[in-house]
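One chain, chain A, links the two complexes that follow: it is found with chain B in the first and with chain C in the second.
Moving on to the complex of A and B:
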């Protein structure tokens, strides 16, 4: 856990949230935990912006929210992907992969083309 | 696209209504998150408080998140506006004095503008009521040159010109001829004078109006030459004289010399294209002309009496139409010159037509009123600017006082943009309330303006949609101007410093405020100089000796109304009027006359032995009077004598000359006994028997005007007997008795009209007085606003420096030194404003020149006085609070905090 958190690139947060929700419905705090854990602490999501993003995605119809009870019986808002959100995740993942491959290629090149 | 828009709107509206519930859910959701986060920290063994703190820190600013979340939910725009509004209103309620001050200041500024806009709009921008398609409707003017080659523009034409233009042009759909005259209406003792518009049938087609009753007349009733004796009544006249009854159609009404049948009533407020208010009646122009001049009038070249309107075909450009008009004028004038070869050569006359807008004030015959009104609107705008500067300044001071509050909110995560928006909302709310107050002020003050500027008859609602729109614009500009500077200044600087510092510390003197102060002082100086110049100008007009008294003089004229008395009858009628008038109690003197100052003048040829072409030297105005002429008018005889009983018909002809005429014709000589031939160079010598004080008969400024006076008895009787009567006491009281007595003498249909001389003379002084009243009113307003502004700004600064002053005094600085320090810093700023203002006024002076009477626009006295007043205000504004500050115990000053 000694890694320094890196700033999220603009537009990255959405796809990370979508991915976290693809494992099933969960509340905001769980999403934040998941992102932190699965990036091994590299991504420090400022929790405030997480909620802004969740609400924005709710507005766009990518996620649906429902009030439920947490494992400790507290009222919590659970988010879950809609078909539209799943489609969005697919698109974003594809374009991310293309993007990262291209950037990696460029940055790891050893000879000038 | 549209779908998205709808769903967007639905979302926002729903969000707005579900606001409270959503708000609650947001709270629950966030607190759940924080709690989970805190639990996680507590699991690692941290104390509960520390855990909560860490959770909060990781979260970022709670307030900001709420805003972000709200933004995401889409309610932010409407909702936060409502929130800003609520917040602004609460803040304003909490500071009633501040709010009142701002609202009043803005109200005065906006009100002044709304009122002036109403006037200028009507004078310059708004087409006459009901005018169809103003773009293609024109008033016809004709440019030309006088015989001595001076350019002139005419808008009165002979009827034949109207016929010619209709016949020879191709660019116009129609022409209309009209003229508004004061004519006698009714019969016998009921006879009264009123404005009557003589108009061609086509005149009504220029307007999109329907008669309130009956119908307008058509082309058949306006046929050349005689037309039909029909009349359409004006709405007001119908109400006043006939009580608005509808059974008047078909009734007869005597107008001037004819009897007309009433066929309709014009709609309420219908003025037409005239500039003399709502006419009492409209009659076919041909019917009037035929009755007045007989069947030969369409051929007359010399009777130039009516104005013309033209409706351009929409597909023809204005330039092309102007060309067409010019060639038609030339063709028409060719005939005129052929019939009157001694009028000069057509080529020398420089004739050219001009299609001008319908509004006189926008054409070549624009009066001083329009110019003055535009100036005054500019002045009103400056007043508003000063008011804005005041308010912006108050905001700045307040923003400064609230900077800890702002810093706190910024620290809590409110964005700067949001804070600025809140400040703007506040200024908008104030500007809106100010605008409402302004409209009330405008409505209330505009009645006075209107009476001064527009014809009383033309008045309608003052606050109409156009004025409202203008006011709304003024409000927006005001809100921006007052709110933008404080909004830009919010949260500048180091938050920590601000939060830690006391209320009286920190970098409190922003650069904006001194600039505002200079700006305000500059504008005030310009306005006050303008006001000062106009005041002096008016006092010149008021104190200007016209060469006769106006107030105690009544003017009575007998109108023969078609009755043609012989010359002997005329003389005896005139004598009888004079004798009757003198017998009425309260009448001091009475005299015959043929001219009325500023109303009607006569000119005549003049030959003086030893001087070539006298008439080239100027305009020699010819007047006649009976022996009491000069006594009646109160004109002093400077040399020699006035005429008396000796100067009968057949006795040696004599004349009295005006002072300046004597000086102009016989400089350095005695004018008495000089010989003047009047009317023809073969006329017998008239001997100068006296020199009278100079009389201003046509204009206040005309330098080339001279006057001379001949005994009535030695001159042919005028066609209409006219007399001046000098009364003691209130002249109004004597009008009716005089009219009644004189009316008894009238033969046949003739009638008598009596008016105070002031009614005829005052209109020519109106524009002078008007400009002054307005400039003084606005100048006073500006001074008041500027004084308040300067005072509050300087005084506030001083209060802010109380602590610093306390330190200085504690360190041994003397009270007078501290006072000097404060006064000089205030004076420096105001002084800069004064210098700028004076320079600006000097630069603008050239445009003022024409509006002032015998007053240079660069009068050093006025400039000096204005500069003095402003500096004095600055000193007072600095000294009073400074004195208070120096009296504070240094100890308590040092401890002073928030």
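Moving on to the complex of A and C:
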């Protein structure tokens, strides 16, 4: 299958979710809020896609979910990284950094190589 | 695909709840930012996207995850069950060992017999569409199976409508191979040129025989068997086109057969057409040819029979003297050789099936005993929340694990058993080379192990999970007698074991008696010390009958002069294996109805024959050296012939001739009567009667040299070879055998069936005795407390023992009745294998009943005695 922008976005979204869960368990709404706040509107993700990604990651065993109570005392589903998810985040971060350094190097080059 | 979510959370509802929480939180947040509730709602939904689309995607993920988890749970539970099983089996190693051993024996016996059945009966013939191939023969009134006359065969090909093609071949004859190293006697088969194309066999080398080889002017060709090609020519591929001398005549090697050619079994094949004009292949001669037909598609055996009957009727009308009363019949070619062994294998299959059932009953009984002891454990597990299903599964896992371990042991036993079986070389079992433990056999062993595990496991499992947990706990694990249901089950097991054991023992007993009778049959001759071999004189070197007679007489004279030789003679056949039968016409007796003429065995012998083989002269005179050509033709007859033909009257001096009333054979005068020899096989009940012709008046080119000696066989055979070479260096001595071996061949199959069934019956007796003892003694032990109470209450010891033993004997009696009924019903399977014993032989039945009765009595008596000796107070406090 050809690599479409959606796929790229999906991969990126996964890293963002893993990152936002790296500080501790939180429910889907909190993850959405965190991503929206940190991206400062640079890109918009549908909340539905976020949940689809969360469930897919649960299926893959990167995160596990548990029902708990929110700050306001309502029943909410909390997600938490599994060791596998933590490893995945590490790999993704490393490759993302290699990628962005390479792109940055090329874009900031002043002499034709 | 989606299953009703009974045992798992409602995934759809969970996703809805999660989304609802998100949207509510979002709306709340937006309203806190100053939006109206309506605007916040719209914005939250916009940010979310298509709710039902994402809901579906989330649910799909969840379903896949939960399916995987469920699979993992089942595996986990199974692993847990199996680990638990091994732990609980290790805790009772004696139980596990006995159960596994019992099952191993049962499964092993079944697997071994299955591998034989699989190899012998089920493997297809290596020919094209073998199911359409039939073996054909002819019949006359007195003989249901005789070989095919060549002209009759040619008529079949013209007239029979059921066949795509018909071929003939013969069972083989000896030929002397010369001109290529040492002279050797080889077995050659004659075949019609179309045989190989009819079977659909391709040559391994060169070409095979074709119809052109049958035509009168064809250059003589021969085809070698794979074995002979390897043995004699070292698989030399340059063999095609070389010339071999057979009985002095040249044949060109046309090709080599593939190794899986099953028909025949000799060294080489020659076209029968080359000999078509010989008197051997006249219409009235049935000299060894068998037909092989390929039925047209869709033609049944029945249609074929009607067709052949019509053609035979035409033949006998057209040739009233040569083909009177001729008929024809056939069977599937795949039955060739397996027809006799089939009932044996069916019987052995039934026997090992019974052994396995017996093993199942034993293990079921062991499980019952174990279940009683584990009552408390089960109750505890139910009390802490294990469902009945879970417990049932645990118990079935236990029995299946037991059965599989037993199956592995069984496979090992079967493997060595089959090796042992093959080393016994039962001469009567065809296709021995096809027998081995292969994938099919492994599957069979696996299947039968699983089945066995369920069979013996399910009833005790149901039984022990049925009880009330509370009651079991309160009883503190020691039921007074173990519950009514379990008692009834044990009674059933006792009856079953007795019945199964009785059937097996009766079968073995009947076969044993048959065998003893068969082994005790008088052959009519004294076979001890008789050694024989054949000598074939090629017509080229010995064209003249006087020359041939002189050679044989000279050879016997030389041999008789050797030290250690008590007697020597020659003849056309060995006693007990006459291969020549003919009808005769008696002078002065009314001719029998056409086609109803009785057939007699015929053998041409030298005068010393009777003394050599120990056949007594009963009346008249013996043959004399002076009875030779030019002298009046004379003959000796056996008692049975004399009685069948002349009744009480003295046959000496009477005359008969070979063939029908019109035959131009000379009249033969009966000069003496000798004893009867079992020429139709040992199990034949009525003797056919034998004609002894003087060899000197009926000189053939091949004869058996027969000597009687106490010296070892090898040294005698060496001496015979030396004497033969001393007369003609180019002649081999073939088919060297002892008469004892010859006779044993006809006992080989009964010996094999009897040996196998005896092994299984011994196995059954051990299993039954152990099982019976286990079942009965256990139920008596269970009643120890009751016995104690009754004795304490003043019951007399003898009465108590009597009632306990009486109950066991009543059950045994019921088992004996049922087993007897079963044996009588199964008698049909056995009756074809019995000799001189009926399937209802009272001696066998009586002996077996007595044996089982004693086992049951001991099994009940010992524990009853022990129970009655225990101090009542102790037994009650226990």
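As a convention for this text, the second predicted complex is superposed on the first by the 103 of 113 C-alpha atoms of A that agree within 3 Å, B and C clash if a C-alpha of one lies under 4 Å from a C-alpha of the other, contacts with A are read in each partner's own complex, and residues count from 1 in each chain.
Just so we're on the same page, a contact is a pair of C-beta atoms (placed from the backbone, for glycine too) under 8 Å apart; a residue touches a chain by one contact, two chains touch by 3 or more.
The structure displayed is predicted, hence computed values, not measured ones.
*Asks:* Let me test your reading of the model: by the given contact rule, A:27 touches which partner, first (chain B), second (chain C), both or neither?
*Replies:* In the superposition, A:27 touches chain B and chain C alike.
*Asks:* Check the residue A:96 against both partner chains and state whether it touches chain B (first), chain C (second), both, or neither.
*Replies:* The answer is neither, since A:96 touches no partner chain.
*Asks:* Have a look at where A:59 lands relative to chain B and chain C in the superposition and call it first, second, both or neither.
*Replies:* Both partners.
*Asks:* For chain A, which residues lie in the overlap of the chain B contacts and the chain C contacts?
*Replies:* 27-29, 32, 46-49, 51-52, 55-56, 58-59, 70, 74-77
*Asks:* Note which residues of chain B are touching chain A in the complex, please.
*Replies:* It comes out as residues 11, 25, 28-30, 32-33, 35-37, 58-62, 64-65, 68-69, 71-74.
*Asks:* Taking the complex as given, what residues does chain C use to touch chain A?
*Replies:* Touch list, chain C to chain A: 14-15, 17-19, 21-22, 24-26, 29, 47-51, 53-54, 57-58, 61-62, 64-65.
*Asks:* Could you please specify the touching residues of chain A with respect to chain C in the complex?
*Replies:* 27-29, 32-33, 46-49, 51-52, 54-56, 58-59, 70, 74-77
*Asks:* Write out the stretch or stretches of chain A touching chain B in their complex.
*Replies:* For this pair, the touching residues of chain A are 27-29, 32, 46-49, 51-53, 55-56, 58-59, 67, 70, 74-77.
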